[in-house]
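Working notes for the structure below.
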Amino acid sequence: MESYIQKAKILVEALPYIQKYYGKIFVIKYGGSAMKNEELKNSIITDIILLKFVGVKPVIVHGGGPEITEMLNKLGKTSKFINGLRVTDSETMQVVEAVLTGNINKSIVSSIIKGGGKAIGFNGKDGFIIEAEKQEMIDENGNKLDLGHVGRVVKINPDIINAVLEKDYIPVIAPIGMDKNGVSYNINADYVAGEIAVSLNAEKLVLITDVEGIYKETRGSKELLSIIKMEDIPNLIKENIITGGMIPKVESCVIALQKGVRRTHIINGNLEHSLLLEIFTDIGIGTMILKGEDDGNE
Amino acid sequence: MESYIQKAKILVEALPYIQKYYGKIFVIKYGGSAMKNEELKNSIITDIILLKFVGVKPVIVHGGGPEITEMLNKLGKTSKFINGLRVTDSETMQVVEAVLTGNINKSIVSSIIKGGGKAIGFNGKDGFIIEAEKQEMIDENGNKLDLGHVGRVVKINPDIINAVLEKDYIPVIAPIGMDKNGVSYNINADYVAGEIAVSLNAEKLVLITDVEGIYKETRGSKELLSIIKMEDIPNLIKENIITGGMIPKVESCVIALQKGVRRTHIINGNLEHSLLLEIFTDIGIGTMILKGEDDGNE
Amino acid sequence: MESYIQKAKILVEALPYIQKYYGKIFVIKYGGSAMKNEELKNSIITDIILLKFVGVKPVIVHGGGPEITEMLNKLGKTSKFINGLRVTDSETMQVVEAVLTGNINKSIVSSIIKGGGKAIGFNGKDGFIIEAEKQEMIDENGNKLDLGHVGRVVKINPDIINAVLEKDYIPVIAPIGMDKNGVSYNINADYVAGEIAVSLNAEKLVLITDVEGIYKETRGSKELLSIIKMEDIPNLIKENIITGGMIPKVESCVIALQKGVRRTHIINGNLEHSLLLEIFTDIGIGTMILKGEDDGNE
Amino acid sequence: MESYIQKAKILVEALPYIQKYYGKIFVIKYGGSAMKNEELKNSIITDIILLKFVGVKPVIVHGGGPEITEMLNKLGKTSKFINGLRVTDSETMQVVEAVLTGNINKSIVSSIIKGGGKAIGFNGKDGFIIEAEKQEMIDENGNKLDLGHVGRVVKINPDIINAVLEKDYIPVIAPIGMDKNGVSYNINADYVAGEIAVSLNAEKLVLITDVEGIYKETRGSKELLSIIKMEDIPNLIKENIITGGMIPKVESCVIALQKGVRRTHIINGNLEHSLLLEIFTDIGIGTMILKGEDDGNE
Amino acid sequence: MESYIQKAKILVEALPYIQKYYGKIFVIKYGGSAMKNEELKNSIITDIILLKFVGVKPVIVHGGGPEITEMLNKLGKTSKFINGLRVTDSETMQVVEAVLTGNINKSIVSSIIKGGGKAIGFNGKDGFIIEAEKQEMIDENGNKLDLGHVGRVVKINPDIINAVLEKDYIPVIAPIGMDKNGVSYNINADYVAGEIAVSLNAEKLVLITDVEGIYKETRGSKELLSIIKMEDIPNLIKENIITGGMIPKVESCVIALQKGVRRTHIINGNLEHSLLLEIFTDIGIGTMILKGEDDGNE
Amino acid sequence: MESYIQKAKILVEALPYIQKYYGKIFVIKYGGSAMKNEELKNSIITDIILLKFVGVKPVIVHGGGPEITEMLNKLGKTSKFINGLRVTDSETMQVVEAVLTGNINKSIVSSIIKGGGKAIGFNGKDGFIIEAEKQEMIDENGNKLDLGHVGRVVKINPDIINAVLEKDYIPVIAPIGMDKNGVSYNINADYVAGEIAVSLNAEKLVLITDVEGIYKETRGSKELLSIIKMEDIPNLIKENIITGGMIPKVESCVIALQKGVRRTHIINGNLEHSLLLEIFTDIGIGTMILKGEDDGNE
């Protein structure tokens, strides 16, 4: 009986967090290991369903998984990368869109439904959610680099997302856009998540990745930066504290904050229930990036 | 960190129960020690607010507390009791209504608001929620006994309760009714809770009392009856397993079940978080009374 | 037959007033003799129901009646008064709240329902309608006086009042507020009525009292001031034309006018149907206080 | 002051009637002298506006006035009558429709608007409210008589009437119908009013005429029949108590009662405020025809 | 089969125009020959019904037809004209209103219903759509000329028009207005159409007349001006290119454009399906008058 | 100009069909050549957009295209067929779902959006639209045949389809279902279209295929059967008039008719604008299958 009462107390401890986020929109970028490992996937999906039932409105933007590379490999397609971006010819684009939309997206949808939630999957063409254009890139000599179907967001049209949120579905969005001529583009999912968070006036943007957040290394000992002010980001990049693949994630957060999202989080999907822990504990388990005027308290 | 993950897992264990009761109405009769002891009161009120935030629609019917007797004592009024019912003259009725509605009811309302919930208190005259009539009682010789302003429910008008539920308030109802001439009646709160549960087509009627549920005593050892079929009640009364003050509670449950409430519970308010434990664990901690065709599983 | 036609003509004479106030909110402070005398009470309640059926939206704020003093007397509590305000210790506050909310408020609700109207009673804790704080008071020597649970309005939250108005109920409000810690306060009903009128953007604030309005005495003959401009109030106080208990009433009116209520009235509840007469005749029967730019015509 | 209080009391006496009819639909056939005499017209229109403001939903069906005959006279058209019905050739029909719809109907609309009400005029073609067909008539020899554009109601389509009632307009309907080929028909306004009352599920059908109701003459003294059961009508016709132009009026009432209208009234438009008097007094001033099971009390 | 495919292609060619005008309001002034000739009338009415079914919201304002003059002739009334405006005494006004509202308006309504559309006819008194006042006119000597019941628009109240548009009816409006005293005025239908277009924030004002549009004559050869900028109108009048009855039409267009209507058209009702042709072809068949900053393309 | 008028007349000829189908749901199975040939694809998509703009509510269910076989070929997967059904192992299922949902479905969505329409693509997992189960198949010896992920419809949940129809989107549905454990199934698109038509209470089910409809061959000359009663289907199959791939199509139609769809059509997608021609001409261009009591006229 004692253990039951302990459990009840833990539920009750969650109440202030539940009250704080009731009716708020969280845009969650879901990617990395948390998509590959079946146990971690279950943990994240369950967290998301729980958030929905305690009154949060989650919106998922997912990345690609190993299935894309696997399929390209099977087809004997090898991709060239420039600045970490896959040069995407039309045939590759077709495979990317098929696997992202038809396999990965629907696998998330089906997991939510199996878990007792309601979900609808979209790619950015549905309801023209994501209007995109070709990503321009210039090399060090000022020459244009052609990355093919790599795109960037021009405009988000959130109508259909809002419509399904109202009907209590969890929208699950593949980061594919198109331009007005119907040309498809593959877009970085972190940026898509940020722009969608802005268009929905979200309370939080949460990026689930494979690292625990941003660390500062001093004399060999690493310390997690639980809170970073967005104004400090440029220095942290200069000082090489934020590097590599973390830079676009941090940029998505900064853009989202600048355009009105209240707070942004980078958390480690390798940790079970990382999403709940970040949101339902005071200290959190990842890095929260916030506006200068925000002291990190409620 | 481990302890945090354990906490997250406990939240996640609650998910199936949350899903099961999402959007359902629970009518909770709140009385006894759980109203007097400040800690127990906080525990119950917090449980109710939590239920509200995870999607349940709680409706509270409360009993009288020691404040009524205290006030009557201060006024030098001594009450006569017949069959456990207080003979209620007009002056007593005035005190009962004042204390029930003005002190006890508003104290519950204010506790919910302090806890971050939204609440509205009613007595049964408001919106004519409870139409009542004089409770007839006959002694062993067939003579009428006059209990004064002791009443019984004639009709529940749930319009205003439904209206405030829609606006996300927790309705808190004092068991006072009136007849068409405006005469006030004091009514047993268990019965009022049962009738209100019926009028709202509630999923559950939960009676919070000072005992742990119904016990069977065999050779000195007491065993809690976790589940009782309503058809077995008459025998249990005959066998003196259900006795005394438990009888009207059980009767309220049976009436509610017969008129369409799905399940009824009698639980011990002296146990911290008893409400959460009864609802969010498989075994429960009190006695569940259900219909014959209901096997007690979901 | 002639007398019937005369009656019909009188109904028809009311039409322009009915048209003028159709759909408008009137906040009516109900107190004094009009609450004690059964006949006057019926007259006022009937007037209010009639107003409701001809399209006005009445909101009642009531004062305390002799029942409070009576109950305190029975309990042997004697109250000390400072500047006309009852020093209210916790025990007194409990009695005040019980009687105001549980007896007086519900008696008004039940009278309206008996009269064929729909009513809901609130005290200011319900839906946190009245957020209050301790009334500060300083004596002539600059020392703080402790009046106990005497409060003033911090904020009105009119959500639940609007919700029940939409469902065609007459809200009846007891002038009890609480602060964020749940501490109860007794507040002057005239001020509460004024603040509620402001929060509802009311057309009229009507204070029903025991005097006929404001009088000017010249050489022994008294003349009722039917219309007073709010700008003239300071002089009228200086000239001792407005004195004593009338001052807080007039102040409530001025505050309400300054914050947007269109017109305010002080009328005599000792006169039968005074409410109808003030509203449905050109001359009125009490004193109308209005803004400087308002000429008193429609 | 006394006279004012008397007036207030008269308003208050109207309250039970106002409560009884709140939100109910009254279909009022308006015709005869009450349309010609300016004072009587004002009296009726004012009564109707008052009914609207106290919560009744009036729907007006009007007859033709002397303007039609006047216009036909000016045009040198003389009409032949068969069984009291004007033989209506196409040219006559054009004049009838023009004057009924363009002059009489709009004159009523404009009077209501001038009186502070909201009104919309229709003829039965608008929204195809009245689908009609040629009225067949056979003479004593079994030969068909051709009455031209005299029609009868085939079907009422109340959609647009309900739409404008919801927007708080008083619909004013000219008794013109058309068939599916667009052929216009002039229809008896009493019958149209009855059929419209049925289609709107009206509480009352009120026919305003030039006589005071139905009278029984015994030994020279006339007595108004205040209440007639519809089952007694055939005998009253046989006994020549109901005769002539009263027969179609009575028939419209009986049809309306049989198809669900609650009560029907025939009242004298020559009496000022006859409409209010019939509805807002117990005895009424005309003849009420009701169903057998209805005892005439509320 | 080939011819069928050709037909399908023609339907498909209309798609871009349908998309462009979906959900937009067109106010159509319907008058002249297109009202007299049965075939042309059918053509216009069918065009309007088709527009309704492909998503346009048409609103019709109609002029008077020969029926008015015919009726006045039959009555032996001869009208005096000043500056092309009929001096309208009360008797004439009564005839004008009767024929316009009762015959012409209802004939349009009935044609739409026969064609499978839904229609409601109004004159400007209904719902007080058109508040009007006497048209002042001064002769060359500065003396007032009394034109009788000739009026001008003071205010349009579009509430009831919007209400019936929402219910999918086509409103048909006779250009009769009244002042606050209920005095009727006959108003130029082109101006009424313009003001109604403004009050509805219409996409287009279309005036159907008896000429093909505005022509420029150079050396004997006439050329239709397909597009005119509203800024060029004063010069075109000075150069006698716009003359006579065309001037008020052009003025109505200019006023409508200045107050927010997007584009205005003057087209020839003598041409079959002129309305469809003007709207569903790039070149159009009449004259489009538009704002200076509008290049005439979409 | 003449040719323009001819065009207008053709538009007008379409009006009766537009009126007939206004607001009705058409479920269109889109497959075969009409998906491969770019010109035919444009023709069908344009027809569907046009239908939407003239008031029809189209719902598209699409089949697989050559892209699936192409992708399987590239991957070196060869499929075994049993009774014309592809034995679908998990790897094949993954490819089928990816290409159907990610390429074919989104290509249709993007074509509609480019054409000026609004579209949302679903596969049957989204909102759990299609609950499916494994298709059981037994060979001639009574042995079970394992077709892998070939499924049949258990239940259609049309909630999300209705939600997007209300918001004026065209839903585009890939014929993929799943069972409650999340196992994916590939389902015959004709059957899916039929079941969806039933769940939406559709007016029409239209199957677009590569043949012109059902033909009867008599002495070498083929005659299209424009109308077939569903009761005659068994005989037509027995007589080998309906054979091969046409049988499942006809079966889908019969099931749809039996469950309440009004009419069903099998038309040739190789013919330009076949959809418009079948619907907007009296004779149609394919085969209409209807219920016995339906004479094929409106």
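Labels A, B, C, D, E and F are assigned to the chains in the order they are written; within every chain, residues are numbered from 1.
Note that in this section contacts are C-beta pairs under 8 Å (C-beta built on N, C-alpha and C of every residue); 3 or more make two chains touch, one makes a residue touch a chain.
Because the structure is a prediction, the values reported are computed rather than measured.
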| item | value |
| --- | --- |
| Partner chains that subunit A and subunit D have in common | none |
| Chains touching both subunit D and subunit E, listed by label | none |
| Type of subunit B:subunit C copy interface by residue overlap (half), same or different | same |
| Duplicate of the E-F contact set - from B-C, D-E or A-B, the pair where over half of the pairs recur | A-B |
| Gap in Å, rounded to a whole number, between the CA centres of subunit F and subunit D | 57 |
| Centre-of-Cα separation between subunit D and subunit C, whole angstrom | 46 |
| Separation of subunit C from subunit F, taking each centre as the mean of its C-alpha atoms, in whole Å | 70 |
| Shared interface positions of subunit C, touching two or more other chains | none |
| Overall pattern in which the protein chains touch one another (line/ring/star/complete/other) | ring |
| Running round the ring (origin subunit D, first step to subunit E), the chains in order | D, E, F, A, B, C |
| Touching residues (chain side subunit B, partner subunit A) in the complex | 1, 4-5, 7-16, 18-19, 22, 46-47, 49-50, 53-55, 116, 271-273, 276-277, 280-281, 285 |
| Subunit A partner contacts - residues on subunit F that touch it in the complex | 71, 74-75, 94, 97-103, 105-106, 109-111, 113-114, 118-123, 125-128, 159-160, 163-164, 167, 169, 176, 178, 180-182, 184 |
